[in-house]
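Before I ask anything, here is the structure I am working with.
Just so it is clear, A, B and C label the chains in written order, and each chain counts residues from 1 on its own.
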Amino acid sequence: MQANLRVRRYDPESAEQGSHLQDYQIEVPDHFTVLDALMKVREEDDPSLALRCSCRASICGSCAMTVNGRASLVCKTKMLDVAPDGQAVLVEPMNNQRVVKDLVVDLQFFWGKVRAVEPYLQPRGEEPEGEYIASNESMLNLLTPMGCIMCGACVSACTVLEVDKNFLGPAALAKAYRFVADPRDDETQQRLESLNESSGVWDCTRCYMCVDVCPKGVAPMDRIMDLRESIIEAGMTNTPGARHIESFARTVAHSGSLDEPMLAIDTWGRTNIIKLMDNAMLGFRTLRRGKLPLRSGPFHPRRPGADAVGRIFKRLSK
Amino acid sequence: MKYAFYPGCVSRGGTPELYDSTIAVANKLGIELEEIVGAACTGAGVLQEKGLKLGDTLNARTFAMAERMGLTTIMTICSTCQGVMAQANKRLLDNPDYLAEVNQELKPEGLEYTGRIVIKHLAWVLVEEIGLDTLKTFVTNPLEDMKIAPFYGCYILRPSNALGTDENPGRNEYLERIIETLSGEAVNFPGRLQCCGFPIMLINEKNSMEMVGKHTHNAKAAGADAMVTPCPLCHLNLDGQQPKAQAQRGEKIGLPILHLPQLVGMAMGLTPKELGLGRHIVSTKKLLSKASVRA
Amino acid sequence: MADHDVLVVGAGLAGMRAAISAYRSGADVAMMSKVHPVRSHSNAAQGGINAALGGGEDSVDSHIYDTVKGSDYLGDQDAIELMCNEAPQEIINLEHMGVIFNRDDEGRLGTRAFGGASYARTFFVADITGQAILHVMYEQILKAGVRSYEEWFVTDLIIENGECRGVIAMEMLTGKIQSITAKAVILATGGVGRAFEPSTNALICTGDGMALAYRAGSTLLDMEMVQYHPTTLAGNGVLLTEAARGEGAYLINSEGERFMEKYAPKMKELASRDVVSRSEATEIEEGRGVDGCVFLDLRHLGAETILTRLKYIHEVAYDFAGVDMVTEPVPIRPGQHYIMGGLKTDVDTRAWDVTGTAGWNGVKGLFAAGETACVSVHGGNRLGANSLLETVVFGKIAGEKAVEYAREQKDFTIADTHLSETKERIKGLFDRADNGERTAAVRMELGQVMNQHMAVFRNEEGMQLAAAKVRELQERYKKLPVIHKGAVYNTDLIFHMELGNMLDCAEAICAGGLLRKESRGAHFRKDMPERDDENWMKHTAVTFSEEGPQATTLPVAMTRWEPQKRVY
């Protein structure tokens, strides 16, 4: 097949400002991956093209880039899948990270996040003579986060990092889960307290971007949800995020459907006067448009079926 | 064409215009909607954080109720409901033991889910069931010269393995196809598949407003006259919070945000009143005048 | 003053294990790698790590015996004894660091079967054991705060008065060339698989450490011992772990026959790798293959075993060959995988002859561990899951011994000429005229000739052809231009220097092969198919000279195990 690559180039040593797109047309076998094609370009056409790659088998994590706007590990992205009709394939460096040259980004941002979660086992007390005793289930549970190859695709795709560089982000939080869920680690409480703070687990929007782009099935967002659950189970319920879940559950259990104004009031905290005043304006605007559900709180109408929903809640709530 | 209709909490709460415009458009298209009376909230992913099985049981109950109505397709009008129900359905169907376990919980309610339900958002129904060619025949007021930016909402797209993207790879371009069928011009902008920020609106408002500001700004900068979304939660944020996002950004944006059935209804000649177009925070007046000048 | 007490070059498992043990010994240690540490090729080790720890009928002696036998009696028995003795404690050390090893019903470490082993003694993390250990090792590096020079490429060893004093290296993100001095240097740069095409090895496996030491006057040992792994995927040659066969997978030919029953009636698919690869090559040569492949059949293992214990290779076969191994046999063939040979060290990982009487050349202050080194525990053929073991056992020793050595050293300064000479040489590369030659094309020619003549089956004529071709490529290399002239992340320059390293290793591989006049382990000569214990229970040893490689022999260390006929 003919491969048409449109590559975003950037050379910090050139006089030209910013990046530009460069097209390459090469003939490649049908089984080629985007990486195979890029390597062929580099080997035969343009040795100046900078990219990282090593194992070619989706285990080293070097070659995450964006392909047609989607963060991808290019060694497992087939040309035929992204360009079945030979159309141009747009290859750009990862998002949310500083570009060093062409498709190479600075890894400091990524690793800074990972370092922030104290990414190492912290057992207390004397080490046992033999191995720590732990169930196989507990180890298998860690296999998913341990499968992370630190490629950065999730960080590239994260919609929160795009607006807030302080967010710990999906990779670091998945790594944090790996220790929180490790029965050999004794700093669980301290870890959860730190993850419960701002820029931690509650800033995730649950947009599923990281789950979708992860080439290794780590599903970082699911790990973030696991962490939220652990935080609530550990009794840390006095945060907007935790209150949000509780209030949501309470209103649905009460009436079978969601009570939006009550959810807001509960999440901010019922005594958060500033926040409530601040949002009274929006309330007024929506009211004027005939949209604000007036019957809120105890007056929230109980839908048909609310009794059944309430019973299911009762049976299944922890 | 008859569907078990799941309107979702928000179309019955904060965005009543979505419910009304859906009914109006369905009537016009001859889609018969039988509402699943007494269905619960899907949990929106939030209840699932509290307990996955709790969320799945509530949704299995809804599916069982639809089955009892003698129907196999549930139509939603909310990206979030679509995604949450599709995921629940996948978990239940992938694992028969789990389905049996959940059915145990439904037994006291006299219900059983047998696994025959498919969940389809209105957008999918329009493209996959009605067909764009048929839809075209209903267009009496083509949206010529109107530039519309599509905003999908996360849960109608992801996780892709639960949303049939493999079997229906075009699903992340359906809005563009619908806009074009209505003779409008689909505007491409960077945020079309991203998050509106609604889920953290109450938790990290600054980030949430940053998202609203960025997406509406980018769509406007790409030339959009309006944005259309199949998700009422996105609508709550992109429309309802746009003034706040503008303030945070220090920039006037004023981009009208339409629900999908409102856009379709406009092209089919339904009146602004029928479509509830006066109920938005960001005024649709300018947009309507542009539409009526042409009509 | 030296920048560091100890500098570790290479940050795979051997390198990081060395850095951690040097750190724990209280030294100022730094690591340097041309890639980020978690990108290292140790990642690719899938199946597991051996140790006789499980109790039952297994014993350290059995592990030693299997390794000696697997090596075709070429491994140094003192080194093998040391490795197998240290193995149980090192598994525990890894577990304490945080490796999530598979457990048994009582929550203790559990094992799986592996090739060439009398008992199931392979500890594992699904089929990502290398990755799972590598990432945990890096966690420990972060915990210790060890200085890590990431994406720095070493161009030269600094040698003064026969002693290694550090390295000259290029920071790839800026192109800055700098000297980093150290009282002791540990080389842990992995293998040289990229001198073969195809290979299971990552693109970074270019024999850098071996070549740096070789050019500096060290001895390369048993370089002809190149392992072809029996199960590499058709098409792109990606590795499918031996654990598949450990879990019970069959090898079948085009007639559906489990052909290993003919070649190794007792161990069948779990005979050692050289034996299995030769059997496959024979089947294919005799016309019972399909498109140059035979098949790995896992279907009878069932979806659950495949999807939990062999998840990664299931994904790989699906992604890269479009085969679902739950329902279809996977086309596979032998592919270059590992080099048993490497930089000669003693059991303390020292790459020089401390006694001064053993008759081999080395550089004082230089240590080596892992695939770079040849200590030698693998001899003519490495057993699966012994490579990870070698990296951690000898990595740990290297860290400790290098610290001991560094403590004995006085402070020093080095001459400025080291840095200026390297800068001059690299400027010379940039100044070369474009004669139309390209690095990738020369590398491809090298890889193809090595894979043709230095593979599973060899003979005199083929090895002579390979050696001649390598000499020709060496000559062309002297004029090979660097096309891209930039400083920032110039992979054209890096590949050029890597090619030089591969060519140097390749000449040593050919020299070792031509010297060894017998078949042993991975070195199987069709023109001399028998093992010759009388004349060739010896290591081949190659040193660099301007006139070409100089090959000689060195004795094999024997302790308790007399050579026997090798039957599986």
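Here, contacts are C-beta pairs under 8 Å (C-beta built on N, C-alpha and C of every residue); 3 or more make two chains touch, one makes a residue touch a chain.
Fair warning: this is a prediction, and the values are worked out from it, not measured in the lab.
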item	value
Reference chain C; chain at largest CA-centroid distance	B
Innermost chain, where centres are averages of C-alpha coordinates	A
Inter-centroid spacing, chain C versus chain A (mean Cα positions, whole Å)	36
Inter-centroid spacing, chain C versus chain B (mean Cα positions, whole Å)	55
Chain centre separation in whole Å, for chain B relative to chain A (CA means)	23
Residues of chain B engaged with two or more neighbouring chains	none
Residue ranges of chain A touching chain B (in the complex, touch as defined)	159-160, 162-164, 167, 198, 202-209, 211-212, 219, 225, 228-229, 232, 240-241, 244-246, 248-249, 252, 256-260, 263-264, 267-268, 282, 285-286, 289-293, 303-306, 308-309, 311-313, 315-318
Chain C partner contacts - residues on chain A that touch it in the complex	11-13, 31, 42-44, 47-48, 50-62, 76, 100-102, 104, 106-107, 115, 119-121, 123, 127, 129-136, 139-140, 142-143, 146-150, 182, 184
Residue ranges of chain B in contact with chain A within the complex	9-10, 12-17, 37-41, 43-51, 53-54, 57-58, 61, 83, 105, 108-109, 154-155, 157-160, 194-195, 197-200, 202-204, 206-208, 210-211, 214, 240-241, 243-244, 278-281
Complex contacts: residues of chain C adjacent to chain A	35-36, 38-41, 43-44, 91-92, 95-98, 100-110, 125-126, 128, 131-132, 135-136, 139-140, 142-143, 150, 173, 202-204, 235-236, 238-239, 308, 312, 315-316, 319-320, 438-441, 482-484, 486-492
